[in-house]
Amino acid sequence: MIEALLVATLAAPAIFLAAGFVGSWRTRALVWQFLAPAPALAAGVFGLSHAPVSVDFRGLGLSLTLDPPGALLLAFAALLWMAVTAALWRDGAPDARFGISWILTMFGGLGVFIAGDLVSFYLLYALVSVPAYGLFAFSEDAEKRRAGAIYMAFALFGEALLLMAFALLAAGEPHGSVRIADVMAALPVSPWRDAIIALIVAGFGMKLGLVPFNGWMPLNYAAAPIPAAAVLSGAGVKAGVIGLIRFLPLDVAMESWGNALAALGFFTAFYGAAIGLTQQKPKTILAYSSISQMGVIAAALGLGLAAGDAGASGTMAFYGANHLLVKAALFLTLGFVASGARLSGLSLALAAALALSLAGLPFTGGALAKLASKAQFATGWPALLATLSSIASAMLMTHFLMSLTALPADAAQEARRETPAVLIRFWPALVLGALLLPWFFADAPGDALSLGKIWEGFWPVAVGVVAVFGWRRMGRSAPVVPAGDAIVLYECAFARTIALGPVFETADARLRQWPAAAASLLLIVLALLVAASI
Amino acid sequence: MNASLLAGLVGAALVGLGLYGLIAHPHPLRKLLAFNLVGSGVFLVFGVVARRGAAAGYAFDPVPQAMVITGIVVAFAASALAVALILRLAVASGGVSLDPQGPAGRDAGEME
Amino acid sequence: MSVLPLLDVGLALLVVAVATWTMAARDLFASVLGYVAYGLLLALVWVRLHAPDIGLTEAAVGGGVTGVLLVTAGKRLDALKAATSGAAPRLRVKILAGALSALVAGALAFVVASLPTPAPSLAPQAAAAAAGPGAGLGNPITAVLISYRAFDTMLEKIVLALAVLGIWSVGADAAWGGAPAPLRKARPDGAMVLLAQILAPIGALIGVHIFWVGADAPGGAFQGGALLAAMWMVAMMARLVEAPRIGSRALRLALISGPAVFLAVGLAGIAMAGSFFAFPPAFAKALILFIETFMVLSVAVALPMMVAGPPEGGQEP
Amino acid sequence: MTATPATTPGGFLLVLAVLLPAGGVLLSFVLGGRAAGKIALGLTPVGFGLACLVAMKVAAAGAPIAYAIGGLPPPLGIALRADGVSAVMMVAAAIIVAASAFYARAKFVMPEGAPESRGALTFWIMIQAIWAALNLIFVGGDLFNLYVALELLTFAAVPLVCIDGRPETLRAALRYLLFALFGSVSYLLGVALLYGLYGALDISLLAQRVEAAPMVWTAAALMTAGLLAKTALFPLHLWLPPAHANAPAAASAVLSGLVVKGSFFLALRLWFYVLPGLPTAAPSVVLGALGALAVLFGSVLALRQARLKLLVAYSTVAQIGYLFFVFPLAAGAHVWSPLGWSGGLMQVLAHAFAKAAMFLAAGLVAEALGHDRIAGFTGAARALPLTFLTLGLGGLSLMGLPPSGGFEAKWLMLRASAASGQWLWSLPILGGGLLAGGYVYRILAPALADGEVEIKARPQRSREAVALGLAVLALALAFAPRGFFDFLEIGRPSVSRSAP
């Protein structure tokens, strides 16, 4: 049963991809494509209520695994993909480049949660990273192309780091197995343990937007059309979360690494919020909010690693799953607001609740997520920093809501064009779903309804909201920081590196002159001779 | 010093001379001569090996000698092919330079 | 007893000196002439190394045919006035080149001087095999070439055919199928014609003889073919005969007949003697002579065609 | 390999695999004209079948198959021997030759009644000769016989470079020929020394006899340098970019995909089959370091090319560099050596298919657009979807992204570098992938972007499909089962040297 579901999770998007290449099937394949994540949803729901399973297909060297953290993220991601896909293709056949990128990203974005061995994880992770380029970068617009190039550079660089990490992991496994469970069991005694963890943190940190690898995300989300931004910010980024969950040895206490990651995470959380507050475009603000939230997740996982607390994977999967729904719904909110639909009090309240869910507003899924994270942020400086980060989130999301109200006409028009009509029509339902769904999957949702917890969740939100209003009231304006902040420096450094090209060209031209090449031939003879003799 | 050692030293000297020509002579025909010098030096080494392998009533080991004959044929064919290319290059481009004069790294020219 | 070593040393020094001249001469043509002389001297060295077969080959190819090839090339280049060959390298490049080649040559000299004694040799095996696979051949080198290492020789003849095609392929499209340019543009004078008329038949006879005795004495298919080729070239230079058109079916058949017959007999070996490129002992010698006949033909045709160059005529692209 | 008898059942297939295309050469030469193309095309399925038969025989025996030519075993006779890698390379060569020949029909098959043309005859004969030479290189057991095969390869490859007769192609061909000649003569000198030392040139006999002696190292250094010159390993790549970029696309595919692998294959034979018992760590590092420089220079130069074919050619310079990591990563008999060996061979195959596919696709692009300037590609993917898909899939393999043979190769090599503690090699392996990402991006990003290009001639579907098929094969390598890697180990000498 579960084997079939896991295989179908991978097979269904592949079949829809293939069907898209057959001319006569294409239209129907698109109409029904929203069913492609259905097996994933079923597998996710199944996995939540069952013990972890692992399935090996020896002939293919493929191994699939389903455990509660992965299952939760899988189920939520599948839901998101279904909802957005169903709406997207109603408006007609897409640009082929976009369509292929979409289904490939979906394939990777679902599969990565169930990959059980290094090679298939790497493949699916690459699928969720690389094809996403096609969702936003094929454009006349120079800014979008720039965003695409930067995105691609980070994606490939992250892939390279992970490939090295995986190679070291595999090399540390004495029996030549590449199953994740096996290589992780061997990690604590691996001679390259520290290098592996550093590479893992850096590699997945690029996907999560941890400082200093955060610069691509604001550019990406600003360039992506709203449905793409919704799935990328919701489901796509969670590939990084599952990466850290899978590849950090959370059950082994590693204090220094854990604390370092926690520090990096908290720094990212505040940095993202602070820079986000200086931004004006709603999509950019949401991107910085993602950076900030991923910082919180990294911090919690870091503390889990420091304490040897394997439970952190479950709580952070929940935190991530909540963010998955909320962030996607927030992008759709932008489309809804831009559509010019009449904003009733109810819809304003919904939008506000959704936004502040990220800060842990009581009665939202965010409150549950915050509660879950208490396991890691229980006491001491982590508790304080977590509370401060809630305040920061509340400030940032208030800033986001205010930016929605002051949407320039051209931005509104663009957002309207990007958002499928169905999503606008069903927006309230989607938001309610995002707010309420987590309640069905939380461990002890009742806890969040105690008065103490409600107050605990409420006051940081209130402080944050008031702070932003106060700031505005004082008429102070934030300094201007370019979207992507430090990315500008990277681009300068890159330009410098590119300027080295002619040096190589000249050297190559010299070496390819006959006398140099002929002399090289003799030098190689002598070098080999000397090398062999010593 | 016996004849075969002497021939071996001559072979080494010829190889050295040819290699010098390989690096230092810009004219491709001179490089071709250099190649033939190196080639005959190498054949002499084969010859030395053959002479030293005299046994079983033969004054030489026939196997390396046969290889030299094969090698000479191949070297001649190579020279002839190179000569044809050199002449054709001279006709087509008005020069026989091996190293393009144009900007660095762009010698392959444009398609059109 | 003491004269021969002295002669050897003198010969060695002379060879190296001529080779040095070839590399050092300023004038291209002088260095080509130096190379021709060098080839002839080298033939003597081979004789001193008890390698008369190679000596014959070197004299015919190294001195003779290569000489004609290079001299013709030099003349044609001169006629084109296409002298730009790139700048001469700077002094430090020359010094570097000298140092590097001296190092390699030194290493080689050291290694050659330290070849092991007693030297390993396949001569005993070759002698033993003479009773078997190489049946009936008194010249062990011919046995190696046609029997023990038949595969090498057959492939080498294919290389020869490929080189001919490669040379033709350098020509202009419009000239395809036509004849190569004559080896000498000018009409030869009477003395040259007379010389050729006398020399060519005699040389051809010697060539056939060298091939025929090659089974047992120094000589063989390649040497014989090379001499025939040289005689054909003499005749071409005297304009007694013209080079054939490259589209000619007969020419192409002649070019590949050597390797083709070799290949066919080699394949038939599995039926006749149970193995590819094996000869049944009863008529090994006859088969070998049969193959060699066609090889002589191929060599005799291939070498002049290579010297003659690509077909001429038609428009430059 | 020492246990292999002189002739095994099925050994005659090896002789046929060489003689079949060789016979095709001779026949084409005589019949000329239209017949040459027919012969070449007709032989490809037969040759492919032969290669598959050889692979099946090797797999069935679980050991190399061999043939002593003329029934005379080495050292006096010549032996052919096919092990796992030989068989795999023969199959790959047959596929790529067949694909290129099929692709070349449009250009080189002459219409009924047309006179024989220079380009066509040259192409059809030379491609068969290359095939014969490669098969011999893959199965040759005798170092001098392999020298003849190398020369056959060079003589067949050079005319293909200058088949269109432009001055720059002539110059490229001449550079290639002269440099390759010095390479072969260097190889031949090494052969002479080995014979002088051991009185044998058979690879398995030599493997039993060699010892670490200065003369062996001299011979190995000379032979290796000669082979590197023919493989165009940096800094001996002076001839490659212009030669591969200016040959007709079908020829470039064979030259870049296969011909440079021929001499590389002999370098493998030398270090892993003739000298496996000797301490080769230090020279291996020299070779690996040259490979790393090749990766760096080739990739950076590829990034800076304005023309697609030159970009692809420089990418070959870089990818050749990867091949040489096999020397440090597979040396000796360690637990990690098989990883490095598999990785190296996987790189050979992945690059062969991917690069052949990319050159064929580049040829189609140039024909369709009338140029191959990358700056003029904007929007071209919409007009030529299959061709740019081919370039993309081939590029995927070059970048080492999964699922592709290129990824599999990097993955295995990285594991070997980690397990052997030689982690420094992982830097060029990963860095080269990133740079490859850069140059593949340079091709694809504009092509996929919005824009209009003028199509001069629409390429035939079948030719696009051939190129795409090769690219798909490069990807399919990623799914090679474990048994494939075991197959590659068949006949590879273990380092514990068997008693003579």
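Each chain gets a letter, A, B, C and D, in the order it is written, and its residues are counted from 1.
Everything that follows uses one rule, which is that contacts are C-beta pairs under 8 Å (C-beta built on N, C-alpha and C of every residue); 3 or more make two chains touch, one makes a residue touch a chain.
Worth saying up front: this structure is predicted, and the values here are computed from it rather than measured.
Comparing mean CA positions across the assembly, the chain most remote from chain C is A. Among the inter-chain contacts, the highest number of C-beta pairs connects B-C.
Spacing of chain A relative to chain C, judged by their CA centroids, is 71 angstrom. Chain B and chain D have CA centres that are 25 Å apart.
Averaged C-alpha coordinates put the centre of chain B at 13 Å from the centre of chain C.
If you average the Cα atoms of chain A and of chain B, the two centres end up 62 Å apart.
Multi-chain contact residues of chain A (touching two or more other chains): 505, 508, 512-515, 518-519, 521-522, 525-526, 529. Shared interface positions of chain C, i.e. residues touching 2 or more other chains, are given as 86, 89, 93, 96-97, 100-101, 104, 107-108, 112, 115, 119-122, 126, 148-149, 152, 156, 159, 162-163, 166, 170-171.
With touch defined as above, residues shared between interfaces to two or more other chains in chain B number as follows: 15, 19, 22-24, 26, 28, 32, 45, 48-49, 52-53, 61, 63, 67, 70, 74, 77-78, 81, 85-86, 88, 92-93, 97-99, 105. With chains as nodes and touching pairs as edges, the resulting graph is complete, every pair of chains being joined.
Those residues of chain B whose C-beta lies close enough to touch chain C in the complex are 1, 3-30, 32-34, 36-37, 40, 43-45, 47-63, 65-70, 72-74, 76-81, 83-88, 90-99, 101. Listing the residues of chain D that touch chain B in their complex gives 76, 144, 148, 151, 155, 158, 162, 165-168, 170-175, 177-178, 181-182, 185, 188-189, 192-193, 195-196, 199, 241-242, 245-246, 301, 304, 307, 309-310, 313, 366, 370-373. Per the touch definition, chain A reaches chain B in the complex via residues 505-506, 508-510, 512-515, 518-519, 521-522. The residues of chain D lying in touch with chain A in their complex are 175, 179, 182-183, 186, 214, 217-218, 220-222, 224-225, 228-229, 234-238, 280, 282-283, 285-287, 290, 297, 300-301, 303-304, 336, 381, 385, 399-403, 410-411, 414-415, 417-419, 426, 430-431, 433-434, 437, 441, 445, 448-450, 479, 481-482.
Here chain C touches chain A in the complex through residues 86, 89, 93, 96-97, 100-101, 103-104, 107, going by the rule given at the top.
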